[in-house]
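Labels run A, B, C and D following the written order; every chain starts at residue 1.
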């Protein structure tokens, strides 16, 4: 595996940042502004895609910006794992930008320029995190992302968003400074390097208790992954406009958290060390607790976005769960769930937003019979929920399949039960919505009133249709991504 | 507070006393303080600078850089008093005396303008007719004090004395004038502008001599390089350089003394006071 | 006992100055009136100056002004014995220190005048009350 | 012959007197003279830095006398860095003061500029000199000028604050002077290098040397406001006129930290400080206490300016603790933090100055809707705050990085913990402020117009440009932290 020096990763990160001044200057002309957003999105996507064949050919793209300290530079390295994540984020960014035009204009939101600017900043730091070559760079972009999303969460500038934004930042910053930073510096103190390497950076310098403490600090410290008990910022952050919830709190932000944990587990500790100290099992236990508990909570939520949020929390833990399995089957299933869940869950959020824009309804109990008014939306919602539950013909099935067979391989029946149980719970809290939507009787509407189709505007419907179809397509053509993961984790 | 102070004092004093245990005895000729540097100074100063007053030589030449900042400190003090106290607003109530009749006027309205002249005379709030004896004695005394001040400055190279001492003496002569007559009499003779310009110029003379040495190709304050400027007596050039800076110091100190005094006694109004 | 006495005799001047310093320091910390604090400050600094000057003293030496013929025409009559003259350096340093302490005193004085003009008092406890009022 | 070290100090000195004279011709002249003088000394400082990096330590013998008889300026990588820092900050602050001073001290602005330059002279001289007593004189110049300029602030309170500062400051300076006295008695010299050489032959058990060391360090600590001795600082800096607070807050304490490092490394020698004496653990604990105390006292403030002053107290703990960790990493971190903290504090106070310029009062209740009203200023404030919190790639993160590494190496886990806790507390502090600034007054929060409410009332450009420059410097110092450590700090510590 040879490594190629190229500026493409840097460009991919810089372009959304560079476009921000332009966006601000064109604040008065919304159409021009959106045009710029799309331009940036497409260029970034093109750059990421143009790197894919190199990675698939088994090479790596590297770029060192600043030499801070030996073993801890600000540097980019594109490998399969990062590539997968970057592809997901950059492609969905374009779709979401289209969606957010419809959403923001549909609701006549204020501060749209600020919104798109910080959105661009957030996506830039996501890509940066995906391409980081070492823990310092990853931490840098992780923090950048936390700060860039604060104005988005606090967008409404009212009392509730103030509280939520405060909680959001308290959890994210508190954990990252309080837990990740010392753990990271300690790693550097012990080993003198923070470069990710598939064999891990520790050469037997760690005792079992020390390693355990460090792993826990990292797993809980990257609170964006929403591992309980550091999850409650995510439901709170749902006050943000739906595009934010859709891209950031279903894909970018939370997945950066998970991605960081994956990186640390595989790149800093390494499979062998984790296996030697049985830390994988520990993490799996933590993850499965999160999975079950949050699924149960999701059942009791009536506000659609909050229910989605809790389901996100449980789904994120699937990924950690899979990676902690330490078997190639499990890791493959876990990591590819990043992709599958992204498309499933963003569809669901798009639908929630579309329903809100079209009818102003946020609560599930109000949505009886809506399916007949908004067939496309609810069809997409159905597909999305299938994807999350993990049933064919959606990509979700693929990851679930690998996870379960991974547990079977390792003979960990308990964990298999956990997975099956949680899938059942997923079904319990998603399918009724669709059923009620299509066949339920609206409480307020008079009996046998003529049903008129009132979909939301095109800018909203087209994106959710695209993502729904995409998550079906992933069921049939997952091969390229599988290759990426196999290369990235050299399974 | 008292108890705390007592504790602090005891601790500090204890520390200081403990420190003296390893010090050489007082006045021990063999102690490092009186051998290491001081011997070098005592033995070399005369042929290096031709100035027999070693203190002046060290002050104005070897450690002239220190002394420059010392002068700056003086200037600083004067400027501080000006900045903190100077009060340009005219006082509300003023007192005048109509000379022919001896009637006293108390003017409250600042609009009313009375020009003191041979008809009206400005007066202080608690006005005492200044004593004739004091006035006369001081009038005789002040010139001699000032001459003595000049002597102290000029002769600093050969006998105890120097810029600071001379400046202080000169300043005190002016202050004596303010005391014996009144503040306005002094301020008529040496105005604020005059004083501040003198204070700044005094230090500038010092710095200027140093810079001149730099221009002549030496280090800063290296009077030896000024020799070409005084062809008649290049041997004593360092002595002359010291004299120059001492004069500068004297001017600055004199001006600053008066500035501090005037501002403090009149609370910055420059109209009346001691 | 005897060596203690010897110690005291050998270093009594240092000890006296230290005691003086401590008096000043105590006044600075413990006194309630700002002017008294200022006086304490002066005592403190003056004691330090005395301390320094006493460093310069040498048994059997005179003040550092070279006696004898110094017409300055090149040669100098007779060689100078360092033991004859006391150390000039501490005096130089203390000239500076004196000026500094005077300057500080002047500034502090001006500040006291301002404070008195504003609050009509220089007692710290009263000042504290005034500040807490508004 | 290279006169740059002299010019460095002389430019502002003569500038001060010239602008004092020029004020009698045209008052506005004095400002431009001051500007030119500080600019010149900045250029000189950069030249000196170049020379030092090229040819090692630069010496300049005043009046041509060889040390120890004469006074020498001795500039090695450490104080070259500090000198550039001082002159640059002094110049930028002067640029920013052009508008604010006329508003704060209308009738005696020229004298303010004279004082200001003398203050700068003091700082530069302290950092440049190689003579222990000269150091004392210059410290006194710095103190005198700062007493005065602090007293130019809010009527009444600022005077009391200044008086309080005088009493404590005099005690500090006198302690230092006494320490030098003891050193002089034991060594008979005042030149730092010479004293260091002579101290080698004196047995480490000497009580006089110990006393000298303790006195000097105590004096410096009082001047730098280490926690229990900090009582003068918050009021003094909070009531000072902004034009002066902006320069004294970043520089005064840092220069004193530099003096401490200089005394420890050059005069007494790390060997003596760490191996002969056994004070290191206690001092590190002092640093920990200072950090925590400063941070938590800042937490209880309701006025932005007061809050920042307590953050300074907290940061002092970083540097003292780091310097006393007793290993190269810790010392390097402390020295790097001198640079970084000066930049961060300067940026914070520049932003503060702009806010004061526009809103007069900076109690938290006056800050609502600032993000909309003054976006540029707030951008600078946010960046500086992130640096204080320690978020990469700002410079604060990297000094914290070195300090924590040093703490781990020295096994001082309590110090590392204190650093982390303080960054958490700072995060709370600043995001409390940002929240207030982000959410305008609730009444007008739902304006449906582009830009999130409020009209722009930004500070004048002359105040924004310095803030912009310093903000970029913060990031630059961050990404080049490794270079700075390797080219300036480690060579000095070798």
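Structure notes:
Basically, contacts are C-beta pairs under 8 Å (C-beta built on N, C-alpha and C of every residue); 3 or more make two chains touch, one makes a residue touch a chain.
What you are looking at is a predicted structure, and each value in this text was computed from that prediction instead of being measured.
The chains that touch subunit A as well as subunit D do not exist here; no chain meets both. Comparing mean CA positions across the assembly, the chain most remote from subunit C is A. Judged by contacting C-beta pairs, the busier of the interfaces C-D and B-D is B-D.
Between the Cα centres of subunit C and subunit D there is a gap of 30 Å. Here the CA centre of subunit B is 32 Å from the CA centre of subunit D. Here the CA centre of subunit A is 72 Å from the CA centre of subunit C. Put simply, the C-alpha centre of subunit A and that of subunit B have 75 angstrom between them.
Among all residues of subunit B, those that touch two or more other chains are 16, 20-21, 23, 33-35, 37-38, 41, 63, 66, 70, 73, 76-77, 80, 84.
Touching two or more other chains at once are residues 21, 25, 55, 89-90, 96, 100, 103-104, 107, 111, 114 of subunit C. Every pair of chains meeting the contact definition is listed here: A-D, B-C, B-D, C-D. Contact residues of subunit D toward subunit B in the complex are 1, 3, 6, 10, 13-14, 16-18, 20-21, 24, 60-65, 68-71, 107-108, 111-112, 114-115, 118, 121, 125, 131, 133-134, 137-138, 140-141, 144-145, 147-148, 151-152, 159, 178, 182, 184-190, 198, 206-212, 214-215.
For subunit D in complex with subunit C, the residues that touch the partner chain are 133, 137, 140, 143-144, 147-148, 151, 155-157, 159-160, 162-163, 166-167, 170-171, 174, 177-178, 181, 184-185, 190. Contact residues on subunit C toward subunit B in their complex (touch as defined above): 7, 10-15, 18-19, 21-22, 25-26, 29-30, 54-61, 63-67, 70, 72-74, 76, 80, 82-83, 85-92, 95-96, 99-100, 102-104, 106-107, 109-111, 113-114, 117. Contact residues of subunit C toward subunit D in the complex are 21, 25, 28, 34, 37, 41, 44-45, 48, 51-52, 55, 89-90, 93, 96-97, 100, 103-104, 107-108, 111-112, 114-115, 118-119, 127, 131. Subunit B contributes residues 1-2, 4-6, 8-9, 12-13, 16-17, 20-21, 23, 25-29, 33-35, 37-39, 41-43, 45-47, 50, 52-55, 57-59, 63, 66-67, 70, 73-74, 76-78, 80-81, 84-85, 158-160, 164, 235-236, 239, 260, 263-264, 267 to its touches with subunit C in the complex.
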